[in-house]
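One structure is given below, encoded as structure tokens.
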């Protein structure tokens, strides 16, 4: 097993619904296919973008299977299996492994703020039940708990925990990760507006929903960094900065689905209480996408 | 129907588990019985204290039925039915009504931060499917969304939304509620350390897990306020202030269960990843409870 | 010497300027006279309201002397002598004592965040050079440092430090002060919107600029609390809540001066870069004051 | 006049005191000389590092003159002239210009939070009285006001305001500056730990006290960026990251002076209430400096 099977642009699909608010698997597969064909380096269903917490168990299973079937081994898959209870997290992690996922992503969901020991035991319990790599995900805004570098160091000693996704939105945290956890730590950036700063800081990859809308620019940024061409990377980053800021400000599912509609792919409907962007916001997004399209020759 | 059927000390039971992490209904009923017998003015299962988000649907239903059966109409019941999706919220609200709940409590859970319109539509959809009162609950730390007084004013225009629970921890918000929503607005305090300030500000009631441990002091505080005796209220409040601060700082389920164990009632086990307090914390709680017991003559 | 010479409503005058931006001492004296005559229990020049940090040394001295001369012993005076350097703080504290001040107020101004030891040494150095009481003032928003109860406990062991003014805006801090520092600790509330909650919590006094505009209501609130009449206190508090919120939101010097103009007293001009409220804001203030005046029969 | 006369590493000297807490001009000149000789691209006295707010007018004037005399035109000088009042800011700006400063730096100090209009009038008033460039400085932690890009756009329309120093510590603000104010906006990074991210984002320069201790690494980082060599820049950045984090965490005057003592240059004494680092902190700094020295071959 490759312990660190992910790098580059890790693309997060949305979860489309039909007009009865049921998951639309055929549209989902079409969206996944686009992500693979446009050059994404990995596919990550059931993340925040994929509204994981709004889905029931059988929907999660269907989306896991649909992803792996559609990707068909062309690139790695990273399946979100986070759950408030340890028991359900193990259940979904085992399901993902059996279905053929390359790795699983786990955030320590915390309605009640977890202690460091509780978090270690949670990851440890899951790790002992699977044999594929785990990406530990730090996003205090979502999980309610901010994992210190001391805690992350403990997590990395658990056999399958080999990767860290960092989404505090503060590039200094990435510097600290690398200083504290060693130069070779595999950390991934989950904050879109930090894409350039994170790659400059040495991130292995970028976890992002943006390839649903502007895959060429996302991948070109990564390539410029790999080519050690900072000037080009900066130029490419600023071309997409408005879009990255917009999708974060408006919420990833809402803005990515609106963008997919604008691009003619179809984003699918929402599950209540989530609703589409307003007409005004859609017009703003259209304008950002048009400006980018007009200027893209990367 | 009484549109505002709640006042005074609204007691929140924990959800005890057995050592296989299954819900322990007999112990739960015993705990509810204690709350009723010690004089609580209402019983509110399936709140944060009751670890609502960690339970599956059938567990929620069993706890709802157990509460209503045990309370047997002696005091009102307020059942938590919050859910990320509108569909599941309606489902549980209807279940609670059918089971005989006096009212339901709904917080706008928000993995993806909801817009004001989405929140209004959410409450409106639930309200249209039931005919018992709804308490709208504002707790940005938990829900991820801070409902403005403007939004709360909109919610109060929805037929069944008649009560507001406020847990920002800032007493100025209660002042604002009363100024903006009218002197007669039925607002309830959900922040234990603010108990005195909230009653001073005119709160109708106090939503609290503390009656599991110190019901006499909780009720005595309310009575002193009703008697317009500020000096007595202040004195009684300071007697319980350490306990209120402790249970909030350590997490309500952990600290209340530890306290129930110390009192010989039995708090029940936890569902992973949540674990009990440390021995050191239990000793601290024991000392706080002993100090209170030594001095209680309200 | 009375070690705790202050209680009740401690009134903060503004510092009026003429149209050359020089301090207008005659107008200042007139404003101080109004504060004394309207029943304030103490007068506190050179606070934030008095734009202390915008004044040079000789202006501070002139305002200190003008206050003490005008008050003429009718009520105690509390003179602000805070300064970034210890040397200047000592200088102004000695000046105030010599001029006849009852007590001095000192906030640990911190361009560079001070350590606990630095703060203790600062107060200790000042205390050793004077023999009147010191009020230690905690206001992290202004000073950049939030003094813990542990630190305040250390400060209270310094001979002349006998009083604490608390302005974090969080009533829980007052509860903590009283629990940690003992029931008899003399703490004062510096957050206008918390006036009711702070008195309910046991504050000795209320440090406020509001008596420049609505002295009757401010003093009536204190009297209702002294009479142990919570219902009356609540009613009186809500009458003034809008005004208290407004003056804090818009800045005390700007809003109090605008109010003094509206009342026909004259607030005086500003020192640049500070400018008056906008016309729109003045209209809003006028409306708040008119509503209060219409309804005042305390 | 060159409207944007600064780029690269802009070095901030400390202000040394003697043991009577008087400014030590000879030692200051020695420190400035080291900064120039070690290759700094500009010298900036009377910044936060130089404890500007703790100095009186004649001390500020002496330090301004000493800097310009010692630098003797070898590199540009940027003199801090910020003051709470507009009148004093003009005074010091005029003094700096007359003394021969290349440019002045102005932060909108705000004991009372300034409105946008007040800030514009403040800069406008100063600008109209001098004819050298002004660097507008945004640092909400210090000034209490966070200048929006909309406000900065207004400031850049004032004749002499041609440069922006950004110290929110959030690299996204720099992205926004460049998107909103145009690709050619001259922005400077004032947050040491963001040095790499800011240069990646296109900063013209880095305002820093670090050249007092590790000038070779600071300048090497800038050179690597100019050479478009991201890998080298990253490597050099991580060599100095611990030191940059340390001096920010412990306070620039304290840590830089301790480092100058360790390097045998002499940092000078402090003005109370500021005190030196603790022995423990000095040992930590020594270890960081030794590790860097051991590995420096840039």
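A, B, C and D are the chain letters, set down in written order, and residue numbers restart from 1 in every chain.
In this section, a residue touches a chain if its C-beta (ideal position, glycine included) is under 8 Å from a C-beta of that chain, and two chains touch if they have at least 3 such contacts.
Model, not experiment: these values are computed from the prediction.
*Asks:* Which chains are in contact with both chain C and chain D?
*Replies:* none
*Asks:* Relative to chain D, which chain's C-alpha centre is the most remote?
*Replies:* Using the mean of the C-alpha atoms as each chain's centre, the farthest one from chain D is B.
*Asks:* Report the inter-chain centroid distance for chain B and chain D in whole angstrom, where each centroid is the mean of the CA atoms.
*Replies:* For chain B versus chain D, the centre distance works out to 52 Å.
*Asks:* Can you work out the whole-Å distance between the CA centroids of chain A and chain B?
*Replies:* 35
*Asks:* How far is the middle of chain B from the middle of chain C, if each middle is the mean of its Cα atoms, in Å?
*Replies:* Computed value for the inter-centroid distance: 38 Å.
*Asks:* Give me the residues of chain B that touch two or more other chains.
*Replies:* Residues of chain B never touch two or more of the other chains.
*Asks:* So in the complex, which bits of chain A are touching chain D?
*Replies:* That would be residues 169-172, 175-176, 178-179, 183, 193-194, 196-197, 200-202, 225, 228-231, 233-234, 237-238, 241-242, 245 of chain A.
*Asks:* Taking the touch rule as given, give the residues of chain A at its contact with chain B in the complex, in rising order.
*Replies:* 21, 48, 51, 53-54, 84-87, 108, 111-115, 117-119, 121-122, 125, 142, 251-254, 271-275
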